[in-house]
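Chain IDs A, B, C and D follow the sequence of writing; residue 1 opens each chain.
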Amino acid sequence: MKINREILTTAGILIIIAVTPLIFHENSYTMHLLIMSMIWAVAATAWDLLLGYGGIFNLAQVGFFAIGAYATGMASIHLGISPWMGLLLGAVASGLAGVLIGLPCLRLKGIYVALMTLAFFEVIGPLIVVGINLGTGGKAGLFPIPPFRLGSYVFNTDELLPWYYLCLILLAICLFITYKLIHSMLGLSFTALRDSEPFAQSLGINRFKSALVVTAIAAAMTGLIGAFYAHYVVVISPRMLGLDMFLFLLIMIIFGGAARFPGPVIGAFVITFLDDMLRPLDSYRLLAFGALMVIMIMLLPNGLMGLVAKINIPLFGKRDTEAEMLNPDIPKTY
Amino acid sequence: MIRNSKLIFLTVALLLFSGVFASPSFSSEPIKIGAPLPLTGDYAADGEHMLMGFQMAVDDLNASGGLLGQKVELVTFDIKNLAAEDVSSASKYLIKKEKVDAVIEGYGGWGPDWLAFGANSNIPFFHGSGSSTANELTMKDPKSYSNMFQYFSPETDYGVRAYQGLVSFDKKYQYPNKKIAIIYGDLDWDITYTRAVKDLAEKDGWEVVLDEKVPYGTTDWGPILTKIRKEKPAAICISILSVPDISSFVKQFVENPTSSLLDISYMVVFKEVQDAVGEGLQGVMGYVTSYVIPTPEGKKWKIRFKEKFGFEVPLTTPPSTYDATMLWAKAVREIGDVKKYDEINAYIKANPYKGLLGTYDFNNPGQGVSPSDTFPIAYGQYNSKGALSFFGVDEFELPNYMNPAWPKK
Amino acid sequence: MSLNDLIEILISGITIGLVYFLIAVGFSLIYGVSRVLHLSYGSFFTWGAYLAWIFAVKLNFNYFWVFVLVCPILYIMGMALERFVVRPLRKRDNFDFNVLLAGLGVALFLDYAAQAFFGARTKSLPSLLDGTIQIHDFVFSYQQLTMLAAAVVIAFALWFFLEKTRQGLALGAVAQDPVGARIVGVSLNKVYLLTFGISTILAGSAGILLAPRFFISPLGGWKFLIKALIIVVAGGLGSIRGTLYSAFLLGILEALVGWLFGLLWVMPFWFLALLLILLIKPHGLLGSTADH
Amino acid sequence: MILELKNVTKTFGKFAAVSDLNFSVNEGEIFGIAGPNGAGKTTLFNIISGFYRATGNIVFDNRKISHLGPDKINILGIARTFQIPLLFDSMTIYQNILVGSHFGGQGKSEVENRINEALSFFGLQELRAAAVANLKLLDKKLTMAAAAFATRPKLLLLDEPVAGLNPVEAELFVGLVKKLNREHGVTIIMIEHLMNILTEMSDRMMILNNGQKLIVGSPETVINDPETIECYLGNSHA
């Protein structure tokens, strides 16, 4: 693997996250915010795979998050399966849901995908409520979702460090998968489709297959972190499907930089802490976020990571070209 | 253009950072009360009212020299649409970061959520969920929930009251049949409440002709009204805690009514419903979770509220958060140290508190208040002037009952 | 199910359809002409109602003056959105994506601006006309009839505008072929401005017409935006006639499903219907096949 | 015969963009297509390469392809370019060609060979690491052709390849096309507005008008045909 700006930035972020508890482990609220940031970072990165890299307007991503959370929540409460298996189950269930949604939706084009998936997203909440007899808990939700166990140690809400590092491991795994994916031939194919669908197709790329695979992978990653979220917050309910999460994840992607790996990770941390800083503004906070969102799109379309790309660090040789920034690891030789 | 964009950035930066510096600093350490409130999102309207009750209470405390000589400060936390992670964040933020000495919420977790997050500490924690599930959970594990107090009666009690209210009209109204239609939103609150009404009605030999769950956000009631018109029940009981939903129901029902008494549950207290429906609301009934008891202090408080905020106090929400704050403050004064949480909790549990809405008595295994003569749930009906008239508190004497606006067919 | 029940369900289905047509028509127009998925549309719906509330409730104007005063404000708001947000994005890559997100940002801003100005509590507008009228066994409220009249007027006015006026024809030309339209001398920017202005008026008017029935709250527009999206997609993006058909189709479906299975099942059935329509006709009921 | 179209018709609503078209292309030839604006030339390319589904029958290399999607058709051996460069703007020239070589080419071990061959054939070796977004038009067109060539097509469809190029650039491009045909045996169908280029290059030509075939034949017969003349003159009068 060639050392490049993406890897350096990602490694830097992961190292900073890994050592942060040295300073903050006493401050459990900050730890909580950091854990939430990591959760959003995974969700935003997965969504960016579709929106940014794939140009696939899948708006059902928060739905996959909920499916992962509910899969493990229902299985561990009703069937008593271990939360560790639940993580896997969440990923698999969401991945499958991704394929199921993808099969009809991805045959459509561009904006129709957005509308179809948005409609699907809107229908998950009602389905959870209707499915109360299947053990979804209806509108009230599921409670309490059992915690992870490691030998005789039980994860608990007083000690956040184990949660923290478990989440960091999941984040690292997801970032690794994402990085590998973006720089694989599959990644090249969906980026090609995004840039110019007709040309990509005329060169032998199967649009449907490529979009379906990336949708499934993104859904599985989102489901995985959704499952972690369920165990971490103990209670899940259809209220998580409100506009909040939907909009905040999008703001994170915009802020960090769409299709600028690992921009969404940066976005997730910045926005989570900014949101917390702005608490004194109460309801004006969202007014500010709305304005911020528009301004970012207008003035800084590549987000913070776009700025990072422009910084010249002599130590690492000359500045990467824009194109290399995007796909530096595509094999130069086979 | 460049100057322009810089200007925009500056404005935004100012806007963003003004928040950081907005929180004032005090020389002596203030006592902090944590208030998780829905300030944005679908429940923001109620959040505003809850906040007013807190503001009254905190201002009153500080005007009288603070609590144990210290200034009292309110720390809010926006719990948005009440998603679990926001409720969880709220507890962590308020307890762990802000280190508040009490948490008081209006409603927002529907019970179990708060127990999940409040029980990790022992600071006094008041929740207004009105959830029977929360009481049951507390009973099962009294030790870990010893700091959790539910200062609203649970929804099942409202169901009992509403049913009593409805059938007590038999003498005056002469029900044409014994059919009842029950419609409810998909919240736990609605479901449990209407279940209580339904069980009582069936025991009394009523036929439940419609038992229908509807999603929140329903504003077109055509299909439901068709069913109602087909069955012509003598009573309709609907519970959905949303102004647009309930207002549109009443409005569309009144357009082509059946001769049914209409009970819109708790929504009867909302002034917005009254504004929205107007004349059509005459004769519509419902229970009132609590209301300011017309004692001299209560009347004075209502006047003060109007002076402060410029409008008549809404029936239940601001007085509730006011009462909860004051009853905690009293316990703190009695114990003499705000940090002796266990002693404060024990005091609150052992000593009933007389507030605006009645006497709060947590001395029961569920640590929640329940209706009684001294903590009444009222039953009300809109009279022709558009104002709410209460029916007897002790007995159902129905002094002001009147027939609904719509004709009896 | 007796015949009377069926007729009553049809009536409520048609009423719901009317509502949906009023909501979706402007959304359909804007996508058809300018290919913008206008996600802040719902907020303009809300703002129309709030502006009307200022004039009708606070200042006690009658509805005629309310419309006269509110429409120009909405028109300017719509044009401002096009000029200052949409147009700059048009020149850049990934227009679809960026304009979608910018729309969400604008919506967030407008909604919470409404909460800041008007408070979060639900507001209501008085009915345009009070009272009911009975025809045979069936009762109609004047509000329902006003909506019907408004829908007919709007549909006719739009038809007249699009088919019989120069500017309307220019809109149609741009909708079909922006490049071709520019070649024959239509100014795209002018057409886009006009389209945003008109659609915003349509959104706001729908807000005013429906507020007496559904009431106003800061986030109240979202529910309708989502429904408008589904209707417009099912009808075929950009086709006003398709929007008309699908609004009534889905309205009647809603009434039927609500009657047979309960209102909780409405959204799942809508989704199913949309899925079926798009599987059979990938561009919606009347969508053009040569959609770029 | 490498490609044969039988009764191919494509309608948009009531408008027939291509109607009842029959013709065939021989292996190894350069087949030119001309016709006025809106004659259906690009639509025809979109049909052959699988972007539009049309009625009728298309046979390529003894296989029916009329029901296949663009990617399948490419893998069978038909590549194309577009009138306006539709490159992958976020990538380098190398990566653009890599897409073609990897997804369209047969034999994964040959990927790098095909790329190098395409790069050197079109003279893009020097620019291989350049981002395509900022290239001049000629290089964009060369990249597009190189990516198509890297799929190892038997048949290459070129849609107005020299439009927008200056005469020197056009000559360079035309030379490359001829070389591609001669040295690599790629059959070529080419749409071109400039009649002199088309007649000079083509082995055979076809004139389309209103979606219908006017005439097919050698450049001399086509250019002297009265119908062709009328079609072009008539068009210029309109």
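Note that a residue touches a chain if its C-beta (ideal position, glycine included) is under 8 Å from a C-beta of that chain, and two chains touch if they have at least 3 such contacts.
For clarity, every value in this text was computed on a predicted model and none was experimentally measured.
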Neighbouring chains common to chain C and chain D, by label: A
Furthest chain, CA centroid comparison against chain B: D
Averaged-CA centre spacing for the pair chain D and chain B, given as whole angstrom: 71
Between chain A and chain D, centroid-to-centroid distance (C-alpha), Å: 42
Averaged-CA centre spacing for the pair chain B and chain A, given as whole angstrom: 36
Junction residues of chain B - those touching two or more other chains: 40-42, 44, 186, 215
Two or more partner chains touched - positions in chain D: 89
Contacts with two or more other chains, residues of chain C listed in rising order: 112, 115, 120, 219, 264, 267
Touching residues on chain A, where the partner in the complex is chain B: 27-30, 32-33, 36, 126, 129, 138-141, 143-144, 157-158, 229, 233-237, 239-240, 242-245, 274, 276-283, 285-286, 288, 291-292, 295, 299
Chain C to chain A touching residues, read off their complex: 37, 85, 88-89, 92, 94, 96-98, 100-102, 104-113, 115-116, 120, 219, 222, 226, 229-230, 232-233, 237, 264-265, 267-268, 270-271, 274-275, 278-279, 282-283, 291
Residues of chain B defined as touching chain C within the complex: 40-42, 44-45, 47-48, 186, 212-215, 217-220, 222-227, 229-230, 243-244, 247-248, 251-252, 255-256, 272, 275-276, 278
Chain B residues within the chain A interface of the complex: 5, 8-9, 12, 15-16, 18-20, 22-23, 39-42, 44, 76-78, 80-89, 92-93, 96-97, 110, 112-113, 116-117, 120, 186-188, 191, 215
Sites on chain A touched by chain D in the complex: 185, 188-189, 191-192, 195-196, 198-207, 259, 321-324, 326-327, 330, 332-334
